[in-house]
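Both complexes shown next keep chain A, but they swap its partner, so chain B is in the first and chain C is in the second.
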Partner chain A sequence: MTDADDGASDDSGPSRLPRDRLFDALDRLVAASATERLLISGSALLLSVAIGFLLILVAGRMTSCGSAAYSLFGVGFCYDPFLVYDSLFLGAFGDFLANPLNGQFATTISETTVLVFTGIAVAVAFKAGVFNIGGQGQLVFGALASALVVYGLSASVSGLVGTLVLVPVGLAVGAFVGGIWGAIPGALKAYADANEVITTIMLNFVATSFALYLASGPFKAPDSFANQTPTLPEYALFPQPLFPGRTDASLLALALAIAVAVGIAFLLRATSFGYDVRTSGIQPEAAEYGGVDAARTVVTSMALSGALAGIGGAVYVLTIAGNFQTGVPDYGFDGITVSILAGNNPVGAIAAALLFGVLKSGSIVVDVGTDVPPQLVGVLRGLIVLFVAMPEFFRMIGERVDVRDRFGGSRDAVATDGGEEA
Partner chain B sequence: MSVAGAVDGLGTRARIAAATVVVAALAAVGIALAGHADVLVAVIALLFQKSTLAAALRLSVPIAFAALGGIFAEKSGVINIGLEGLLIVSAFGGVYVTSITGSVWLGLLGGVIASSLLALLFAIVCIEFRADQIIAGLAIWLIALGLAPFASTVVFGSTNASAGATFPAIDRLLANSGVPVVSTTVVAGLEALAGIPFLGALFEASPMVYLMFVAVAASWWTLNRTSFGRWVRASGENPRALDTAGVDVSRVRYAAVVLSGVLAGVGGAALSLSLGQFVGNGPTMVNGKGFIAIVTYLLGNYNPIGAMLSTLLFAGLDALQLSLQGQNVLAIPRPLVRTIPYVSVIVVLALFGRTRLPEAAGEHYESGEE
Partner chain C sequence: MTEAVRLDSITKRFPGVVANDDVTLSVERGTVHALLGENGAGKTTLMNVLYGLYEPTEGDVYVDGDGLTYDDDGAVADAPRRFDSPGDAIDAGVGMIHQHFMLVDPMTVAENITLGNEPRKWGGLAVDRDASREAVSELSKRYGFDVEPDARIEDVGVGVQQRVEILKALYRGAEVLILDEPTAVLTPQEVEDLFDVLEELTDAGKTVIFITHKLGEALEAADEVTVLRDGRNVGTVETADTTREELAELMVGREVMLETETPPATPGETALSVERVTALDDRDVVAVDDVSFSVREGEVFGIAGVDGNGQSELVEAVTGLHALEEGRVELAGRDVTDAARRERTRAGMAYIPEDRQDRGLVMDFDLTENGVLGSQHDAPFAERGRLDWDRAEGHAREIIDEYDVRPPDAGAEAKSLSGGNQQKFIVGREFSRDPSCIVASHPTRGVDIGSTEFIHDRLIDLRDEGRAVLLVSSKLDEVRGLSDRLAVMYRGRIVDVVDPDEVTEEQLGLMMAGERPEDVPRAERVVDAGDGGRVGSTDAATHTGDDGDAEVADD
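On to the complex of A and B.
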């Protein structure tokens, strides 16, 4: 091993070298101009949508229907891709012009709020050089703990005081439990060299099963058939000053999410902790040489990452669900896509979360309004990650098209920072 | 750190043996702490039941095939963390083709093709477009996680689909083969051997179980005794030397990654077609087996035989877990019993997961010609 044997504390783990490469690549992404990053993310999105378009057509040939919903070059297809994408992207906004506070848009807002938390959770770990795929498990445990503690306390307070006490307590409990669940793979990585990609995925399975046990056994709502904890009273949830008809959208929660994202960006950029995190993410050896305790930084940033995912779980309970139910949506996995699409920038994650909020909310419209299975969004999610992972592809296309030359700009700057070091 | 350091010096066999001992000790301590010594006896009795071995062999198939695929890819320098996704698409592909053709063998082929195509996409993305292998592998998993239930809903109207057929057991397969001696004498011999208490399970398994053992041996031989195997290892350890010797590194890596798709495809199709159905909700029926496969070959130190032994360890735990659920030996709720394999993967990885990665694994290789 060339540079891996130099004795930094986290060397020779199974993914040591790829991680070097990973963060080299991410580093290049960071070094690339914001415009270029935006271009890559935008192109990845467009390309995924284009492939999704083909997929809808192919799926429309594989199923059978009375009359073709869409035809192209004389060939009939059972699904109309334009209708699907119209439902997916515009459907999420509902009848926005007539009533901005409509129910579908409320769903979009509430989904976005949770995704901001899971997105920045992944981003924080990434910055420290750790790939946290365990956001789902951290979110599930945060949600469960928050639902249980808030329910336990909800009998002793009520009204406005109840809200003022219970919501912060719920968030804190979610953060605490999610943080502990996140610190475990962090410690395993820092002190036992266990690859965090594998351990976090395994811990997701453990969390889901354990939550199922708690929600179907000891803490099951007594009068319910479903596996869920007792419903929380109205005053224990996030207040919804706007969106009165819906219980699941809170602009307060969204404002909190945005504030936390900005706060995390500040923490990473302007504090000594953030400096430790970033340097150990980009150059672990150099960070160690510079006096950063790499192992401790890994554990702390994973705990912070887990805490953010746990807050996401608490917000999910206190806005959308109103209790803990098994079968929590894939917010943790979507958070990976959000973070990667945002180039691991916490503020950029707000925009990426909005995009995924739209997709999640729109998939409901697709499910109701068309025959196309809503799992389409899952495919798009994977495609977006795939395309963002290969910036080289877009650079190659860019070089072929040679837009910059035509505009008289220099292409060299991009070519050098995009070029392989091999 | 110190434990892991001490473990580093162990050979493959010793590592697997140590891992087995640790897992067994943990289980025993767990049961003893629960205060039931008699339960411990019952669990050990359960462990040596024929049905447990049969389940362990059946559960080994997808993990072992995925692990073999992972070894080829990673030895060649491409870390394939998308094995889980390859298992998912082949599990669905197998059921889909079987439901159309009525033949599980064509279904197996369909699963292999589906998985190989996805592996080819992964190879192009990693080798041609220099994508980050970990993120691209994750994307392969996410794509499969969306695509298989999507296709299942389009074709079958539900995320769960029935193939309408399953692999026959070896004795029925041979009995129906019509080959003179095989369909009579050999079958009779197998049936007699199947009567042996514990090991009898070895003689009445699905044909995929035997194929698994063949594939393990063939993979070992290919990696260690053929020139292709030498190229694969060189491509992961020292691509420049391979390049200098006149072998195209990219082509070797393409071959290795597509081969990982073929192998994982056999595993995924075997998984769904041994049950005759595809289950596509939540994490799908694959349920982490692709990730467990990665741990098995790390524990087996990239040796196919080592990977097979560690696969048997995890599959054995899973089988035991299923028996525990079914026979209700422990007074522990089922969802908790279900976490046993995952927890043991974490423990084993933390204690024994330190392996020496192929030198150039994860790196893009650029031939000097450009």
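On to the complex of A and C.
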């Protein structure tokens, strides 16, 4: 990475430590330019497809079927890898050219929308140096609160006025409750030095369990066997002007998600608050020197992160679900991967969420259209996410943790004796 | 002589910094060798090279606890060692006792000592506790250590814990022991005991290297002292043939005497006043002990002292980055003891921090972004919460031009700049705040001579414009040249406040070692010119300093 290190490698020749080589690779990754990062992600995607391709073939040999779906060099395989990947990626768009507003694409849109919110929620916290794993809990509470308040108000307004009042109220309630639920671990970290990873994970359980209690008891829809709150009237949901006959996909909601992502990027880049957040995320010592109140920044950014996840929950209720049902999909956890995939860039989270949405929606098409078992589809999706996310993940580690310091070396110039560390 | 350790022309470079520059160190078997130098002189880096934590950029390491062998020409015949990790160093008989102990608190002394190399029984299935207890008491008896093998670590004192660390190294077969600032956490009595232990060890043929920045201890405990300054070996002396003064001179160095033209100060009102401030360090040890002083407008108040005597904590307490235990800080007559960092900046306090890479700059930000650090909520950069990046860039450019920061590119990331240029940028940013009070901690550390002169001139200009300057530096010529009054700190207290033009370097050296030579020129000349109320507090500090030093002199 620098002259000094190159000098060292010249001197020591082939006996250079493998550990150092790893560190150099990490440094190289941290230093990668935006184009390089795109190329890395692209190659990772191709590599994961190649490996998945082999897996499909192997799995296809190990099952028995009437007629081979695919044959290669005279050997028959039960599953056709081309068809699988075609369905996985392009299936999400349905028959896009003939009818861009088809049902499958609607599913992709609705999934993407929620994931944009949870993705930027994690990204904001990460920018402040806080690892918010509690997105799921914040989303669940946001969703529940939104469903209950909107249902409570839905009797008093209706029609277009109902939509204009209820949707913003639902979003605001989701943001508020999610924000509070995010601020709690923030305050615990800031004022009681409690590790946010632990507290947010624990609060996820609290949120899902408490939501289960409320949705199966006090607020259960009276005429339903499932644990869910009463269904909201259609005028209380997000309007979906472009997808006729669908209530789950709203381009308006997607537009809102994109606007919020851009807004958050602006907030981080162009405001004093964003400057405080970024500074305490990258270099807390310098932030303190620059007059940033570390505790306050942690609480505010966690509240903001929770609020974004809470909006995600409200959007989930007001588009996909139509009420609050227990067993909310893992949008909050997927948000972590979305954020990592996007390198914690709020605008990048839009693209990462789209990839996730495509994969989620595409796997439904694979399930329906081929004999490939859903477990294998899950493996293929997992491979893609793992391969695409890992380079970014290691970049983040390389940026954040000065590994050499921990293991007796240093990347940053160390002028002091460093006795404190050793 | 028989060497147990020879470090041959060791150079260790980190990006942008040479921590060790062609250092040769030879340690004779069966002796105590002190490695003396200020913080940042490269002592610990050098020892980390010996202990296998760092790989030297250049140079060779030779170790043999029984003494190196030589060929006919007198050159070392052993092969140079290559330690890939501390494990290799331990195998070669090198043990290191770190400043912070690495012991498992709920476990017993014997368990801690044998941890990782426990005697086994039942075919290696179980730890043979009796054998390990026996091995430990045998070892402890052989070196005259008074250690109870069954005591729990959490129940024994720091001094005993340190002995357990030493025993741990001995148990693993260490012939060469490195102690990193071993006295930092000990009481004077425990220090005496430690020195007795070191003597026992060397009598038994072990070789001890201990890292310290306290000359008194080096003189008392070591047979030989090697002084490091700025990463170089500036001399190895036998303690029998040297004096405190000589060591102080070696340590601080006299290199280029930067004569700054300092017209006499015309001090005005008190701008910054520090009253009876006590502060703890990270380990909850008292670092600043009842310190009082005041800095007036148009005056440079210098604080000299060997690094690590509480200056860092004092500066951070004044600037709002370190909590006070007791005392009071006033800025222009306003009590800012509990004021947040941002309020102090707004009240006109600029701060050039000691650690530019941790504190002073956000290394991943470019210079434009770094230029607003500390003013990110204030006009002209922020308006209703929004940052004006165009203005910020203009500001960064002005600093770059005026302070000759290279490369002259506001878009360059701070980490891509050399240390000196980083420092110039910080100095420029802080001076451009139009401060009424400037706290400068080691403002020219790592800066080339030309820029040093420039920064000095600017400091004096600011002083002449009527601003108050608190200057902390371990460079004696710098604090002497710039200060109008000079305080010397030792062990968290101000030893005395002297007139920098009259005091001799020898006197300063002794004061930095905690002694109070006769007839030092007190800064009365300047004190008299001040307003009556504040003089009292300065004098009080001097007197409290007296009492503290009487104690120090006794041990």
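One rule holds in what follows: the second predicted complex is superposed on the first by the 299 of 422 C-alpha atoms of A that agree within 3 Å, B and C clash if a C-alpha of one lies under 4 Å from a C-alpha of the other, contacts with A are read in each partner's own complex, and residues count from 1 in each chain.
Operating definition for what follows: a contact is a pair of C-beta atoms (placed from the backbone, for glycine too) under 8 Å apart; a residue touches a chain by one contact, two chains touch by 3 or more.
Owing to the predicted nature of the structure, the values given are computational and were not obtained by experimental measurement.
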> Between chain B and chain C, which makes contact with more of the residues in chain A?
Replying inline: B
>> Tell me the contact category for A:Pro329 with respect to chain B and chain C: first, second, both or neither.
In response: neither
> Where does A:Gly217 make contact in the superposed view: on chain B (first), on chain C (second), on both, or on neither?
Replying inline: first
>> Just to be sure I read the superposition right, which of the two partners does A:Ala270 touch: chain B = first, chain C = second, or both, or neither?
In response: second
> In the superposed arrangement, which partner chain does A:Gly369 touch: chain B (first), chain C (second), both, or neither?
Replying inline: neither
> In the superposed arrangement, does A:Gly103 touch chain B (first), chain C (second), both or neither?
Replying inline: neither
>> By the touch definition at the top of the document, which applies to A:Pro239: first (chain B), second (chain C), both, or neither?
In response: neither
> Of the partners chain B and chain C, which touch A:Glu288 in the superposed model: first, second, both, neither?
Replying inline: second
>> Show me the chain A residues, by the header's touch rule, that chain B contacts in one structure and chain C contacts in the other.
In response: 1-2, 12, 15, 17, 20, 420, 422
>> Could you list, by residue number, the parts of chain B that touch chain A in their complex?
In response: 1, 3-4, 79, 81, 125, 129-136, 138-147, 149-151, 153-155, 159, 282-283, 287-288, 291, 294-295, 298, 333, 335-336, 338-339, 342-343, 345-346, 349-351, 353-357, 359-366
>> Can you tell me which positions in chain A touch chain B when the two form their complex?
In response: 1-2, 12-22, 25-26, 55, 59, 62-63, 131, 133, 188, 191-195, 197-199, 201-203, 205-206, 209-210, 212-213, 216-217, 327, 333, 336-337, 340, 373, 375-383, 385-386, 388-390, 392-393, 396, 420, 422
> Considering the complex alone, what residue numbers of chain A touch chain C?
Replying inline: 1-2, 4-5, 7-8, 11-12, 15, 17, 20, 270-276, 279, 282-283, 285-293, 399, 408-420, 422
> Which positions of chain C touch chain A when the two form their complex?
Replying inline: 13-17, 19, 39-45, 48, 52-55, 57-58, 82, 84-86, 98-100, 180-181, 211, 321, 340-342, 345, 351, 353, 355, 357-365, 369, 372-374, 376-377, 382, 385-387, 389, 415, 419, 445-446
